[in-house]
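Next, two complexes with chain A in common: one pairs it with chain B, the other with chain C.
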Partner chain A sequence: MVIQCIFEGIVIGSILALIAMGIALIWGVMNVLSFSQGEFLMIGMYITFFLNKKWGIDPILSIPFTAILMFLIGLLIYKTLIRKALKGPILSQRLITFALSMVLVNGMLMLVTSEFRTIQKITFSGIIDFGFLVISKEKLVPLTVSILVTTVLFFFMNKTNTGKAIRATSLDKDAAELVGINTEFSYALAFGIASAIAGIAGCVLAYYYYITPTAGTSFLLFGLIAVALGGFGSIFGAYIGGILMGLVDVFAGVYFNTAFKYVAVCVLFMLVVSLRPKGLFGK
Partner chain B sequence: MRKFININKYFIVKFLAGLLAAIVLPLFIKTPFPLHVMILICIWAIMGMGWNFIGGYAGQVSNGHALFYGIGAYTCGIGVKNFGASPWVTMWIGVMISMGIAFVLGAPLLRLKGHYFALATMAMAECGRIIFLNWSYVGGATGIDFFDRSKPSWYTMQFTSKYPYYYIFLFFVALILLLTKGLDKSKFGYYLRAIKANENSAQSVGIHTAKYKLLAFMLSAGIVSLAGSLYANYLQYIDPTVVMPLNISMMICLVAVMGGIGTVIGPLVGAIVLTIISEYTRATFSYINGFDLFVYGVLVIIIVLYMPNGLISLFNKKQKNKILTPLEMERK
Partner chain C sequence: MNRNAKIICKYLGISLFITILLGGCTKYNEKQIEHNDYSQDESPISIKESKEETVKIGVLLPMSGAQSKAGQEVKAAMNMFVDIINESTDDIDIPLAQSQGLPNLGGRKIELVYGDLKSADTALSEAERLITSEGAVGICGLFSSANTKTAAVSTEKYGVPLMSEGTSPTLTQKGYEYFFRVFPDDTMYVEDSFLYLVELNETKQADIKTVALVSEDTEFGKNIANVEKECAEKYGFSIVENITYSSNATNLISESLKLKKADPDVVMMSSYISDVILYIKTFKQLNYSPKMIMGQRGGFMTSELFTALGSDAEGLCSTSAWSLDLQIPLVAKLGNLYKENYSDGVDMIADVLKCSTDLYVLCLAINQAGSTDADAIKEAMLNLIYPEDKLFIAGTGFNFNEVGQNVGTSALICQIKDGKYQTVYPDSIKAYDGLFPLPSWEEK
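And then the complex of A and B:
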């Protein structure tokens, strides 16, 4: 039972970690609390769903397409809204992302109605039974993809010049400009990557979760808390925060009461930040 | 003796003129919808002004004031339904409870800064919502319906006409507007502004920052709770998704930001504009599911994007040559 819970927790946690990393990237680079990240996940789910319905493309195969499309959508949103908002006060930036999420949810509601949908044709299904642990194959997909995406992101941020430029921008914007980094490009790239990651999370979540315009909202708060738990702008911290959040979510749901798992998560968060105001891995 | 309330004559004239206009205006309205909009404006104005103390003056942006709104609403609801108590009394009990909770939670949470404080308050409000959603004594997800005609309507604050509501709410708006104006130029107001500009410097010149932040948080919690009580009596039905969603917490900020945060009149202006936009888009575009909130969101984005300092900055030409705080200079 405990092992099963740990497994389920890590699966949910790996999806939360994907959202959290996007939020952490935006938070770290441009110091904006992005409330629209959950909606990017939701759009990713719908792209996957329609690709699957029209051409029977498996969610895994639609990941590259969804990622690229979400990257472009993210760039567009950055260029039209966020770039302008960054000149204003911090609070109005946050409110703009909130209003954006409202627009996206309700725009989606108009386009596709609030009907609950699930993906019908998937390649990986069935279960693997170890006796002490039952793994449904649908849930292995998010886990694998999440680990892969995280590895690629770590590699990108730490080893490539573009990634280093983004990190430099997040450390000190003016200094980065002085050494010739195009910070504007870094900002746009960071926002695009964050959207793309959320899109990928949507793809893998669509594997076993129901699809509805408000699906992203419930993941948003957990994602935000995971980031704050992990520590300011730290992508690694966000990943660990996400996994932790998933574990707490499942354990509280199984051993206490499903309704109070949100309370458990929120209380844990408030306790942690009261004791360590910069999060678990913050400096 | 130090003058506690520093209100100049010019303000009193403007205030009385505005109040008179607000009193007379409903007499020309014959249909219920505009009056409903005006009642909601009052509610949002009270909330915006309440939030303004902690979010605007003290600069500690809370995204969880829906908790206090819900507590105010529930205190009145349970008071009428389970104890037959008058909302005139229970609304103050709600204020006390809210201030108590703000005191207990504020002490650890106010040590956090920026986004962390926002997220922690958000988590606080979500906690409250889930607890109320699963607490059978307060009705759980079905909420409480406390419509009661057995007692005189002035006692239960439940009227058949919308006019009494409007005038009661208007009274509270005027009261809190005067309170804000009084505190705006008081020592308390300047302390809060100093904390907003730079907390460390404020502390180094001898301001007890933790105490004043906590006071501001409690004050704003109390006022928002009052708004919740009034709204509950107007609606006579409450459930956690009506009075405690994340949207309410965000919209309280939106009201203040739209008008101009840290100003006396800002939240009132914001409430007027935002409520008119939201209610009329709701009434006009509700034939397609989601279209009204879509339009509302787009309008909010446009206003916040092009007027980041609020609508009040349009009227305040003085803003141009005002002294900038270090924080604002840094941002330029």
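And then the complex of A and C:
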């Protein structure tokens, strides 16, 4: 049972980590709290669903298309909304993504109704039963994809000039502009990448989760806690925060009480904040 | 007097005039309010009814949010019953179908006025709006037990009948004057679930001994879990796991792992549709298959269950109040009429029939009362005359007791077979012998 709990905890954590990384990136670069990250995930799920329904494309194969489309949607939202809000008072900056999330949820409710949908034609299905551990092939997908995305993002941010420019912008916007970095471009890119990551999370979640306009909302809160656990602004921290939350969720539910598993997650969060206010990997 | 003083005097004069005028109007309004005092014999409704041609009935449905699809289906079924009552419908042989409108009220037609049922709070405010602004003489809709309690604050205050299929037994214990429930409450549903298990043990040597309870943590789940505990003890079943969980959870892994570890013969679930989908998918991923999964309506009684789960839904059981396969000719006729003309091809499910039957029964009572007065409707409801050969629900008819519960109703147990619910209990009206135990996931 312990090994099963570890496996399931890591799988749940890897989904939370994908959401958390997007939130961490946007917060780290432009100090904006992205409340719409859950809705970007939901839109990713719907893109995956319609690609599957219309052309039978497997969610894994729809990842590149969904990621590019979500990146472009992210850029558009940044250009038309976030960039303007950044020039306004701090409250507008904080609330703009919250308003956006409401519009996206209700807009989707009007467009596609609240009907619960699932993807039933998938490539990886079935189980591998070791007796002490049952591995669902469907769950290997989010696990693998989250590790890949984290690695690619980590490499991009630390080894490429564009990534370094985004990091420089996050450290000191004025200094970055003085050395010739196009901070506006860095902001737009960061928002686009965060949207694309949420879209990818939507693709892999659609593999085994239900799809409805409110599906992403419940993930947001846990994504935010994962970011705070790992440390705001730290992508690696967000990943570890997500995994940690997944493990606490499963172990508290199985060995303590299912009704209080979210209490255990919140107690962990409070402990980390009281001992390390900037999170486990925050600086 | 200089120019400024003149202007000030002029404005003061105008203000004084407006104040006197408003004062007069206020007094007039106060008189109206006194006249409209609902403890008086003459209610605002009876004032309005002489002016209006239609009889307005308030309908509270979720029109936005996650429940809006269920709301649309109920609305379609209610429109069907309104058409049956308002127009002469020869095909459907039920009372009020052969006449146009309500014959005892001079043929006045039914008009539905809608309110959005977003939450328990809006149930109260929207019910009040429908009664006071729209002149609704009765309220019905797609209520949960929690929503019913807040809506009842308004309906009891204004003395208007409230028809609800909230299943909590507490609804008939609160002393409501104008509350009516046509179909069973949780006690009746749960009792029948355990009687079915007893029958399986006796007739099929099912050897069911252990049960696990899974309930979401709001009033819906908690009430049912309490009744299930009592019934399990009463009928000699052992509860090996009792899980309470938060609805709309991001995952139900720990809950499912606990169930797998406890390995009960039957898992009894009180869950909404999102959780039912997630539970069944998680069971499959963990290769966990109990002998029986018995739902207590909720998410098990939604049409989305079949589309979202596909073949994985096969074999799931649920308590129900109605089923399309009931061996009553009128059931098929109503079901076909709904599917062909009102729902774009979607089959009628129990919850939709229940809410629309509430509307129909209210219309029957209004017609029998020959009035829209609440007390007359209540009196008619308590003495409702309905021919047993024209029933389209299980049971003996519409016989309401003094607390508003129809005691002529009975519960059913249904099981999904070939993408449809089929009645497996009670034995006298079952359409299918039932599948027990559930096959493993590999065999499905």
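Simple rule for what comes next: the second predicted complex is superposed on the first by the 283 of 283 C-alpha atoms of A that agree within 3 Å, B and C clash if a C-alpha of one lies under 4 Å from a C-alpha of the other, contacts with A are read in each partner's own complex, and residues count from 1 in each chain.
What we mean here is this: a residue touches a chain if its C-beta (ideal position, glycine included) is under 8 Å from a C-beta of that chain, and two chains touch if they have at least 3 such contacts.
Small disclaimer: the values here were computed from a predicted structure and weren't measured.
Look at A:Ile68: by the touch rule set out above, it reaches neither chain B nor chain C. When both complexes are overlaid on chain A, the residue A:Leu148 reaches neither chain B nor chain C.
In the superposed pair of complexes, A:Leu133 makes contact with neither chain B nor chain C.
Within the superposed three-chain model, A:Leu171 lies out of touch with both chain B and chain C [touch as defined at top].
With both structures placed on the common chain, the touch criterion links A:Met102 to chain B but leaves chain C unconnected. Of the two partner chains, chain B is the only one that A:Leu224 touches; chain C does not reach it.
Look at A:Val2: by the touch rule set out above, it reaches neither chain B nor chain C. Once chain A of one complex is fitted onto chain A of the other, the partner contacts of A:Gly253 are limited to chain C, with no touch recorded for chain B.
Applying the stated contact rule after C-alpha superposition, one finds that A:Thr113 touches each of chain B and chain C. On chain A, the surface patch touched by chain B in one complex and by chain C in the other comprises residues 106, 109, 113-114, 213, 259, 262.
Residues of chain A that touch chain B in their complex: 27, 31, 33, 35, 81, 84-85, 87-92, 94-96, 98-100, 102-103, 105-110, 113-114, 213, 221, 224-225, 228, 257, 259-260, 262-263, 265-267, 269-270, 273-274, 277-279. By the touch criterion stated above, chain C contacts chain A in their complex at residues 64-69, 217, 243-246, 248-251, 253-255, 257-258, 261, 273-274, 277-278, 281, 284-287, 304, 307-310, 441. Put simply, chain A touches chain C in their complex at residues 1, 4-5, 8-9, 12, 15-16, 106, 109, 113-118, 120, 127, 129, 134, 136, 138-139, 208-210, 212-214, 218-219, 222, 249-254, 258-259, 261-262. Residues 55, 61, 105, 108-109, 111-116, 118-120, 122-124, 126-127, 130-131, 133-134, 246, 250, 253-254, 257, 261, 288-294, 296-298, 300-301, 304-305, 308-309, 331 of chain B are the ones touching chain A in the complex.
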